[in-house]
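Two complexes are shown next, each including subunit A; its partner changes from subunit B in the first to subunit C in the second.
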Partner chain A sequence: MIPFFRGKRKKRLRMVVGLNQVDKMCPGGWDERLNAPTKAAEKEIRRRTQDIVHKLSDFADISPEHIEYYSALRRYRLLPLLSKVIGHAHAGFKLDQVQPADPFGLAHAEVQEFVREERVRRGEGNGRGNGQQMREKLFEEIKKILSPEEMDDLTSEWKREMRQPPKVAILGKAGVGKTTTINNLFNAQWRTSHTLVGTTQAQAKEFELESGGTLTVVDLPGYGRTLREDEEYEKIYRDLIPSCDLVLLVVQADSRDFADDQEIILKLRDWLEDAPVPQR
Partner chain B sequence: MPMTNAERAKVIDLLDRLDGQKRQNILSSFEAFTSWLSSTLYTVYVKVKEQLSRFWGWLCEAFA
Partner chain C sequence: MLTVVFFGKTGAGKSSTLNALFGLALATDPAVACTSKPQVTLLDPDEDSGLPDEPVRVVDMPGIAESLRAEDLYQPYYEKWVPQADSLVWVTQADTRAYKRDQLYLMKLLPLLRPGLQLIVALNRVDDLGVDEGDESFNTALRRPSAAQLAVLPEKISDVYGVFKEILGEAVPFDRSHVVPYTARYGWGLEKLKIAILKGVER
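Take a look at the complex of A and B:
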């Protein structure tokens, strides 16, 4: 839990680093029937990813709060990743109705049946409400304090913000699982794509969210192949990233070499700090 | 093959964790709202900051 109201105001950084494919860290450590890691594998994954988190956050001087580990393919820990996305994106509350793909959807049939029964028994939402209900209550509280003019300003800004679909830039090395991440994290259906620069290297893809509304994903070309390509792509990144609500950098968790990733995190941090709110 | 008791216990534990993670998303959403307000309407943010802080405490307590 982030102690939001403690200490001095934090500097906003619209970036999340996702350590993907953690299921590959422990061969034989996956329980296929339940679609979950074994106890020993889970412990090992946590230990090893903590090392990577420290390595990346120390190098780029960013908070470990910006980094999360998961497996898009196995649908493992997608909710903690979504939580980071909501918390660090500009107006990230627009994504709080998103339901990532269900990990038990990949479990064996008898497990799925047990899960279905257990969920029925628990009831929907545990009576604790969701993000939208929380906001309605919050607005009621705020209304008691603000003048009618201030409340009008707030409502009008709120409506203006809600009309803009969330815009997430995604990047990472080729084969790191960007597409699977988008599909399973946002449970989104691809609708249209259009090219953003002269080639097909960067594309804006529109997704229909199952929870309602749309999501724009700016799919950026992968780094780390040749120096020349990296220089060329850097111009694309610098051009497109400032307009995005969040940059989601996908990193291969079972890699041994994070030099390129560390470098790009450092650059992303600097570019995003230069544009603390999206330049729409 | 029927589920063993150990499997059932593990699934229940996993479902509990998923519920906890969903509650964490609500807290993240609240944090996102607060940040958005401070960058969009700072004067309004300053005026309601105390109320937001109390609301945050109430949410954390409800989800504890």
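Take a look at the complex of A and C:
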């Protein structure tokens, strides 16, 4: 068997921490016309998120490679976040066609117009299909190296994997912007949702991706609300997280209180390490 | 000497609340926790007409939950000041739904609370209180909450009351009127908060 999907899997951590709402870090630091932070605010955001990265990585033993800052509401830095999601997810290539919501869609009209013209001028399409092409190229290359039997093994495993829609669990402190993150990061049209546990505590939401295909998002109840609720929800997390390709943990960047987040990162690590590949 | 002790999570706005309430000049910073030791200030009765005759000192305690490591560091301060308190003001924020850290720390303080002590939950940042998309946000010109914010406020107060009551039980007298909404940034609700706090220290 070729270790194509298994490989170095053991050491991998299927988790990305997103520091959301960085736009709120500097009051008055947002340029509404461009829908981007001002130069000064950008610097400040970078400096302060770096601080948070240290706080999280030092205490909760998670590498900065797994942490990215963004603002879902402003559609700011969604691409860097998505790259990390793809990079750390199990079979993350299934998400390589995703296009996050366009930040310029929220800019003033004349800026939007300018961006549109500029994109046409540079001959940038919508960027779709690149992943597909690269994948085909890669297969061509692999074909030259492998024996036909090995190639059959590989393609059947590939097909088996592709039949499973990507499944991402999203988790965060109560009221941190999980839904906005899903909608803008995956630019997804909500299709159906069904309750997994209890009433509305955890839901599997099926999304039709703008880029084609479906995505399952396991929307988990927020932690840190009360002691009693956390105890109840932890059982839900433990049940549902091992089956997911990735856990996207949303953290509020414009906060100084990361104790709940640090605590959950430590727990998530344990749960994910107990299930090195998604248990389906 | 009457003692009012201010508690709360890092970033909830203890220092800015004290500054706004009593005209103090404690350092505040949106990014960095400034208060790492209790700051004791004797209030000047001339400046604040609402003060009782007896001298009042306010104690600004270092914020809890900066990170998991910092918590026990401050425990000796809490053990020193809480038993001396005539009124305890717990500053927390309205623009969140997460109150577990408040609960956890309140639990640690519970054995230190003397029965009959007045505890006020100062519910700061009403200006950032979330309303549904499209609803009007805080009116900064008139410095008061929008109609939408005022509409959700009772529910918010009930929720916060429930969160604190769950821990406090019957340890100290505590009802819904002990949760006081305000915004230190714009001043709305500050006067009511001051009255609530001082009502507790007057004997």
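Definition applied: the second predicted complex is superposed on the first by the 265 of 280 C-alpha atoms of A that agree within 3 Å, B and C clash if a C-alpha of one lies under 4 Å from a C-alpha of the other, contacts with A are read in each partner's own complex, and residues count from 1 in each chain.
Definition applied: contacts are C-beta pairs under 8 Å (C-beta built on N, C-alpha and C of every residue); 3 or more make two chains touch, one makes a residue touch a chain.
It should be emphasised that the depicted structure is a prediction, and the values quoted were computed from it without experimental measurement.
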Partner chain(s) touched by A:K205 [first = subunit B, second = subunit C, both, neither]: neither
Partner with the higher number of touched subunit A residues, subunit C or subunit B: B
Which of subunit B and subunit C A:K178 touches, first, second, both or neither: neither
Partner chain(s) touched by A:E118 [first = subunit B, second = subunit C, both, neither]: first
Contacts of A:R74 with subunit B and subunit C, given as first, second, both or neither: neither
Which of subunit B and subunit C A:A91 touches, first, second, both or neither: first
Touching partner for A:D257 - first (subunit B), second (subunit C), both, neither: second
Touching partner for A:K55 - first (subunit B), second (subunit C), both, neither: second
First, second, both or neither for A:K167, with subunit B first and subunit C second: neither
List of subunit C residues in touch with subunit A within their complex: 9-11, 30-31, 33, 63, 65-69, 71, 96-101, 103-104, 130, 163, 166
Parts of subunit B lying in touch with subunit A, wherever the complex brings them together: 1-3, 7-8, 10-12, 14-15, 18-19, 21-41, 43-44, 47-48, 51-53, 55-56, 59-60, 62-63
Contact footprint of subunit C on subunit A as seen in their complex: 25, 48, 51, 55, 59, 173-175, 222-230, 255-260, 262-263
For the subunit A and subunit B complex, residues of the former touching the latter: 1-2, 4-5, 9, 12, 33-34, 36, 79-80, 82-84, 86-87, 89-93, 96, 103-104, 110-111, 114-115, 118-119, 122, 126, 128-131, 134-135, 137-138, 141-142, 145-146, 150, 153-154, 157, 161, 276-277
